[in-house]
Structure formats: C-alpha cells, structure tokens
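All chains are identified by letter, namely A, B, C and D, in their written order; residue positions are counted from 1 within each chain.
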Amino acid sequence: MCRWLAYSGSPVLIEDLLYKPKHSLIVQSLSSELGAEPTNGDGFGVGWYGRPETPGLFRSAEPAWNDRNLRDLATHIESPLVFSHIRASIGSPVQQTNCHPFRHGRWLWMHNGYLDGFASMKRDLMMAVDADLFPSIEGSTDSELFFFLALTFGLTEDPPAAVARAVGLIEETARRHGVGFPVQMTVATTDGETIWGFRYSSEGRSRSLFHSTDVSTLRHQYPDNPVLHGLSDETRLVVSEPLGDLRGAWREVPESTCVIVHGGSEELRAFQPELGA
Amino acid sequence: MCRWLAYSGSPVLIEDLLYKPKHSLIVQSLSSELGAEPTNGDGFGVGWYGRPETPGLFRSAEPAWNDRNLRDLATHIESPLVFSHIRASIGSPVQQTNCHPFRHGRWLWMHNGYLDGFASMKRDLMMAVDADLFPSIEGSTDSELFFFLALTFGLTEDPPAAVARAVGLIEETARRHGVGFPVQMTVATTDGETIWGFRYSSEGRSRSLFHSTDVSTLRHQYPDNPVLHGLSDETRLVVSEPLGDLRGAWREVPESTCVIVHGGSEELRAFQPELGA
Amino acid sequence: MCRWLAYSGSPVLIEDLLYKPKHSLIVQSLSSELGAEPTNGDGFGVGWYGRPETPGLFRSAEPAWNDRNLRDLATHIESPLVFSHIRASIGSPVQQTNCHPFRHGRWLWMHNGYLDGFASMKRDLMMAVDADLFPSIEGSTDSELFFFLALTFGLTEDPPAAVARAVGLIEETARRHGVGFPVQMTVATTDGETIWGFRYSSEGRSRSLFHSTDVSTLRHQYPDNPVLHGLSDETRLVVSEPLGDLRGAWREVPESTCVIVHGGSEELRAFQPELGA
Amino acid sequence: MCRWLAYSGSPVLIEDLLYKPKHSLIVQSLSSELGAEPTNGDGFGVGWYGRPETPGLFRSAEPAWNDRNLRDLATHIESPLVFSHIRASIGSPVQQTNCHPFRHGRWLWMHNGYLDGFASMKRDLMMAVDADLFPSIEGSTDSELFFFLALTFGLTEDPPAAVARAVGLIEETARRHGVGFPVQMTVATTDGETIWGFRYSSEGRSRSLFHSTDVSTLRHQYPDNPVLHGLSDETRLVVSEPLGDLRGAWREVPESTCVIVHGGSEELRAFQPELGA
C-alpha cells in the first residue's frame, strides 16, 4: 500500500536518494519487500525544498521506473529536505492529483496505509474539513482528506496534536459507521525545516517504518565504508523500508510512535489518537 | 469552454459522428468557431449504448486530435445513441475523472459552461448531494457535481424537473455567497433511450446549442445530397455547434429551453430553475 | 519479457479473454508466474477483427491493470479473433508505438523475447527491410523490426517461411557482430483468419508457450464444468502462460515449433531458421 | 509547425523564460501568432545546463499549458542556457521521444519546420547516419534524424559546416526522389556554451526567427523600463516569435543566416547548404 522516503540533512542530489541506494525507492516501485503489495506502479511523487517559498512538487500517474523526466530532474536538483512516495492504489483512480506527497502552502504530506470504510465515511469526514481549506482538496483519496483534516486541526501549529485529533475524529466517525479498525498509517509531514513521521494503526499492526541510525555512530561501526564518509553528520532518513542492508543502519520505528527530525537531531514520542476534538 | 455532441437514431459508426463531418467534433477540438475558447485540448470522452446494461465510456486527458485509440474504436463501434465531449478546462485538473461524459448506472451527462463562484460554493453543494450518491463522485469539476445534484433531485425519474431543481439550488446557494450569475450551461443527459438537452444561464446569455432539422425535411430541400440519403429518418443530433454548413440543417435551441429527443421525434419545452427544492 | 494471448473461435467479448479467467492477462500484468519478469507494466495492447477491413487496435503505455478505457472496451467489443499483449520493457522507451501487437494492413504481430545485441545489429537489420515497407516502421523495438523483416520476406504469402528467413537473417547478422544467441522468441501473427504461433530461440531455451486442448476433448474429461459448456468447439487459444489451472487444458508448445490455428483445427510443425535468405 | 526559444546569459529561473513574458512560449502553445499552426499542443520540452556534465531534459507529449510538473520545475531550476520547444506535429506520433529538444551527450537540438518528402527519403537518410550514432536514434521524426545527420557531419567540431553538409545531403537526396523544396527550418543547437541558430529553407520562405537586441542598447531606448534593469547585459535570446511587444527589442534573423551567440556577444553569418558532403 505504497512506500515512502523522507530525507533531511545537507543538500543532496535527489538522484542520490531515489536511484543510487541498493534498495532504492525506484527499485521498491518494481518489487518492494515489506509493503502490502510488491508492485507500487500506480504513480509516484517527489517534493523538495529550495529557494522558493513553497516546495517543488513532481507527481506522475506513470510508474516511477519508467520515468525519464524524473531521472533527469533527480540529477539536477539538490535539496536539504526531500519527500518521495510510490503508490499502489487500492481503488481510487490513478491520476496525478491522487499521488503523494500532497502540498498545501509550505507543507508536504505522505501516507502509506488507508482509511478503512472510507467510502461510507467520506461525506462526514469532508464536512469536518475547515470551510476555507475545502476548495483546496483536489483528488479523491483518503490520504489527501486525512491531510486536510490534520490541517483543519492545526497541523501548521502543532503537528503531533493535529494528527492525533484527526485520527481521533476518524476513529469516532468509524464507530458511528460500524467500521472496526479504520486507520492504517505511516505518515510523514514537513514544513521544510522539521519532519514528523508517524506510525500507528487502529488495530496495532502498522505498516513498516524505519529511521536511520546516526551517521557518526555508523562510521565507528564501519570505518572503511566509503559511502558513510560521504554522508554528512546531519543526514537523517525516515523510510517505509531500508534502502540498503548495512546492519545497524536502520532501526524500526515502534508502533504508536511519532518521530521528529530537526536539523541533525531526532526524538521519538508516544503517539495516540485524541478524542473529542 | 467545451463542445459536445449527442446523437440518436439508427446505429452508426462512432467514426461517422466524430471524424467524418466537415466541422466534426475532432476538428472543433483544434479550432472551434462558436465556443468560448477556440482550442478544446484538455481531454475528451465518448459514451455509447450497446448490448451491455450500462453504456461504454472512453475518456482521456489527452487532446482528441492526437488519439489513435479513439480513431480505431470509432471505426469498430456502432451505436444508436452516442454522447461525445471535448474539454477546455478553466482551472480544475486535466485528468480522466474530470472528462465528460460522466456516467452513473445507465445515465450519461455532459456539460458546456461552468458554475461561477464554484470554489466558494463547492462545500455547500457537495453537502446537498444524497449521502448514498456521494461516494460515487470521482473528480473535482463543477460539471460532475452538477450531475450528482441532478441525480439527487430525481434525474432518473424526471430529468427536466431534476435539472430545474438542481439549477434552483445552485442559484440560491450562489445568492448566499454573493455570486451574481452562477449558472452557465448547455447540458445533455440520457438513459440510453431519450436525450434531454438544456440551454440556460443565470444571465440569459448561454453557450451555443443547436438541434438538427428533420432528415426527411432536409431531403426535400436537398434532393441531390448523397449524405442525406444515407441518413435514416430517425437521425437526431443536438450539438454545441453545427457539424457542417448545410443551410437549414441546424436550428438554434432558444435560451431557457429543454429539447427532448426520443426515437425519431423531438419536443421543445420552456426551462426555468425551480426554487425551494 | 512480456506475455501474450491469441484467441480464435466463436465471437467472444474481449472481457471474457482479458479479465474473466483466473490467471487472466490482466492478472499476469501484475504478477506473471512464468515470465522473465513478474511485472509487465510497461504498456499493453489489444487487436481484434470485426467488420472493417483492418483489425482494430488499442495500445497504451500505461499498465494494463489501471486502464478503465480498456475495461469498458472489453465489455462492448466482441470478436472471433483477438490478440493481446502486456509488455515488460528491457530498454527501449515505453510509448504507444512500442506496444504490441503491431499492425500492418490486415496483419497483427506480437512477440515475447528479444533480439540480443540489437543495438549493434539494428542498422544492418533496418537496411534489410524492403524500401516500400520502411516508412511504416513507427517505433524503436526489436519486435517491430522483426515484424518488418518477416513482412519483407513474404509474411503475407507464407508466414512460416517468412519468419524462418527473418530468423535466419538475424542469426547471420548476429554472427558478423559476434553475438552468440541472438534470437529469443515466442511470436504470434495473424491475418484475421489463421493464427501462426512460433516458439524458438537460438540457444534452445525459449520463453514459455502453451496451446489449449480441444474443447470437446475437455468436455469429456470434465462433464460437469459449466465454463466448458459455454465454450464453442472452435475455441482455440495460444498463450504465454495458462489462463487457468484446469488440468489437461493446456499443453506446452515444444521448442522450435510453429503452431497453426485455423477455424477449429490446429497443426504443429517443426520450425527452424532458413539461412541465406 | 512548432515554436522554440533559446536563452543564453546570467542564470535565470526557467519560469522567467517560459511563463512570465507577455507572449511566452506557454502562451504560444495555446495560440501562436506567427507559426504555421496556431496551436502547438503536441508535446513540449525544456533542456537546461547546470552542474552535471550533460544538460537536463524534461519532455512530455502532453500540451505545455496543462503541465503542473513543468510549472513547478520552472520555479526551482535556474540556468544560464536554456532551450525550450513546443510542438505541432504533422504526422509522426506524439510521444516523448519525438519531442524536442533532442539530446546527444552535451548537445541539444531543436527544429521548427520539416523535411518534405521525408517518408520516401527516410531510408536513404538513415543510412547516411554514422553507424556508431545510429543506435542512439530513439524517435521517428525528421527533426531528430536531421540532428543525427548533423552529428555525423561533425556537429561537435564545426556546427555551421556540419549543418550545411546535412542540408546539402538532404537536398541532394530529395532531388533523387523528385522532391522540389525539401528543407524548411529554423534550428537551434548548443553545447552549453555557444548557441547556433539557423534560418533557411530550400524555397527561400522560412519559418520566422528573431534574436534579441543588446540589453544595454534597449536600456538607453527605454530608461524607465523595470524589466530591462533586471536583465543582465549578457542576456541573449533567439526565438521563433517575439516574447513581448517592446519595439526594437526583437530583430528578424534574415533568410539563409546562421546566428552565433557566445557569452554576451553575437554574430550573424551567411548560411547555405554544402553539396557533395
């Protein structure tokens, strides 16, 4: 049900994130090992921060492995914060407006998972979106609507609280519609400075999520590894599945956890839905 | 702002409707003469009735003039009732789910025009859609939402009344949002047996709409015209702009009118919004 | 490296061939079991014969499993002879003109496999194509060029001989360029009346190919199977991999063999390249 | 028959070239004033030079005015040398590999015009392409083949001479095939440092081509124009049609002329085909 990657650190070529790793996101689009489906060919997207106020966004309904424009872009664009996502749709149309990341102002959002019973809940959930935000909804996915609920609950002020309230609302709505375990998610969101990653599911069995070990720690473990010497100390990645198989380089994000990446530091916090929002 | 064509009569090859006429819809996609924009390259669609319960639908975000698959299809599919539409978008994304005709069960719907102030009215209008119909909305256009409002107001029972109520609701909603002349439309809808065409605008200056003169009448006027001898007496077309320049073959549908085509007969009725629906 | 299906028999809905079988071609596009790659998402195509002189063709660079237009078409078009192909590209661009089947006049052609060393041989092979046929080459694949070599060697007169000469030329050209095992193929070609299927490779280890057992024979084996009772006696399929798991329904086409399907009958002949053509 | 733009000067955002001017290339894609066809919706491309060895390339078969990815890219990429082209096809398929600019190593090439009688000449012309270059031909256009003929005749060593020889060969080949006026062209090519623009046609009635007046000269003419003060003195543009209507800012490139732009300087030379190459 999709795979994604979030990077924060010194500016890197997008190519270094999407194509170079042994088990890169492009490789995962053809055959992911830990995702719900092996193939993620229903579109992809890349968002990156640079000089302009708002992040750049490149989204396409084509499978990622085919895209020559993406390949070229990736060799020419450098960025200190990059989001990328490959999609495996379970129903909603494959179209550019349904590809992640979604963007609103300076914010980006990606989601791996689904909102179960979405068709029956969609109307109620759409009504909970702030009237001023409503016209900005472009697609038809649960993921995008989830983003707009988080925005409604103050994502730009306090992301963990906003996401907690959004999940709370979805779970209450689901109860009314008789849906048992509505939320399945790993989510990443950012304002271009900080990355917030979330791993949670109503059932307690969430999609995979990993975060990278501190680079200086890894250099001690692998003093001869040339790749590590090329990475800056601020390098941080949060990913659906590891990009390579260097032991110790990737640690699983626990269930019901929010991981916050800012500059070169990282923090893990417990995450749970907030009801009555 | 789009062009469309609705055909009813003996089964014809789709090619005969889309490609053969001198000023065919494909020609209009490159350069329409009477439309709001000359180029209508933001997607197209064809819907046709055959043996299956529901009509077939072929929609693409690509410009119509480029499409080889459409060309091939058109030479192989024969149908007694065909809807076709070429799109010029004024804002909403160009994607397959935003191309007309829209389909719901056995019904098709096409629209040339717009709902002014749609961004501000969208939320209210979406809330007016029947809860059971709501999950079927796939795209983000005013045209598709208009279709679902008509369905909510009983399109499948009494199309002219349903469209009148939908327009009434839109105009009342517009008043609340300070929009002066919200509705600009020519609309065609069908259940595969009857075609209902509408020409109306809040301002009283509607997009062009024509209906074809009775073929037997035309044969008397042009006894030597070979094309006319090939057409069956039941041939009826309702179009945004004439497909050819044979004088007398096309008559304008007046403002605020509903034209009903069934079998070989045709009827014009006054059309006005119904308030308080 | 692609999968394909060729059907001959009473007219059937394309949907019955592409979507209904348990292991349909659409399923194979997501995860084929016997192909060189599991995913075949680099485009697809369907060709079918009907009333017009030339067969209809629908090809798209999009993955087959996503395509709504294909789904609709398939429910509305009936044909007595259908070719369909899903593609896994190993280098040449993913574009409509590189999708199979290829069409020339009344003939269709599909290929699973490759011509090894194609880049170095391409110029020589293109020069071997008849000057009158040359302008009709639209894409950049080895498969299409192979088709045009077969046409040059008289495909429309004697397909087995023409394909034998084409393979012979390719192998001779390969020798000059130091390519050891140039040809890897299963090929299907048809004029709308007869289907010729080929299984051959220079190395003697060819891609999978199966043909269906006579339906009346199967009915004796499975007297209670309702699907079989629905099939006509003339039903014949030649496929890259079986569409279902009914034992005895599918027999492997041997290496170096040409299978000829005409009406309700079938013939297998030895196939080998013809040199010095 | 297409429109293009070539920029050389201080690094600028691609957005400033493609979107900001009053009569920008994006506007021209919807309605060009001087082109052979008003609409150029059969694809577009942008090539730009940056840090990597080879230029970046973004090409799409979609109409330029629709493309959101292009819009985003354009706001994020800055470059000192940019080529951009919008296409109106007159026959060859609309696909990414047929969009300009074409790239070979560090070189880019764009063409407005056609090679008349191409279908009959194609085989001969393809055979004149160097065997080592041949496998790099990806599409089916006359424009790309023209590029490869120029490469064969030493484009990377002496572009004016190479183009002269290529045109000479095409005209000689045309004579053999009874084509009267084979070449219609404005062409731009670059190695990332220098831009060579050509305006020539066998008939002497070539597609429009303009080059920009020296910026410091314009500043004297329009001391109050804010846009001019923002432009660097090295700014040079060679374009199919003027991007704005500032009088004196654009001068027509004469028939049979090669314009060479390097750094801040510019040179015009006579151009004529070279025979017997």
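Annotations for the structure displayed:
Quick note on the criterion: a contact is a pair of C-beta atoms (placed from the backbone, for glycine too) under 8 Å apart; a residue touches a chain by one contact, two chains touch by 3 or more.
Please read all numbers here as calculations on a predicted model, not as lab measurements.
Graph distance from chain C to chain D, where chains that touch are one step apart, equals 1. For the touching copies chain A and chain C, the fraction of interface residue numbers used by both exceeds half; the interface is of the same-residue type. We define each chain's centre as the mean of its Cα atoms; on that basis chain A and chain B are separated by 41 Å.
Counting partner chains per residue, chain B shows two or more touched chains at residues 68, 93, 96. Across the interface of their complex, chain B is touched by residues 48, 50-52, 56-60, 68-69, 72-73, 75-77, 96 of chain C. Partner chain C is touched in their complex by these residues of chain A: 30-31, 38-39, 41-42, 61-63, 66, 68, 89, 93-94. Interface residues of chain D, counted against chain C in their complex, comprise 93, 95-97, 119-120, 122-123, 126-127, 131, 134-135, 137-140.
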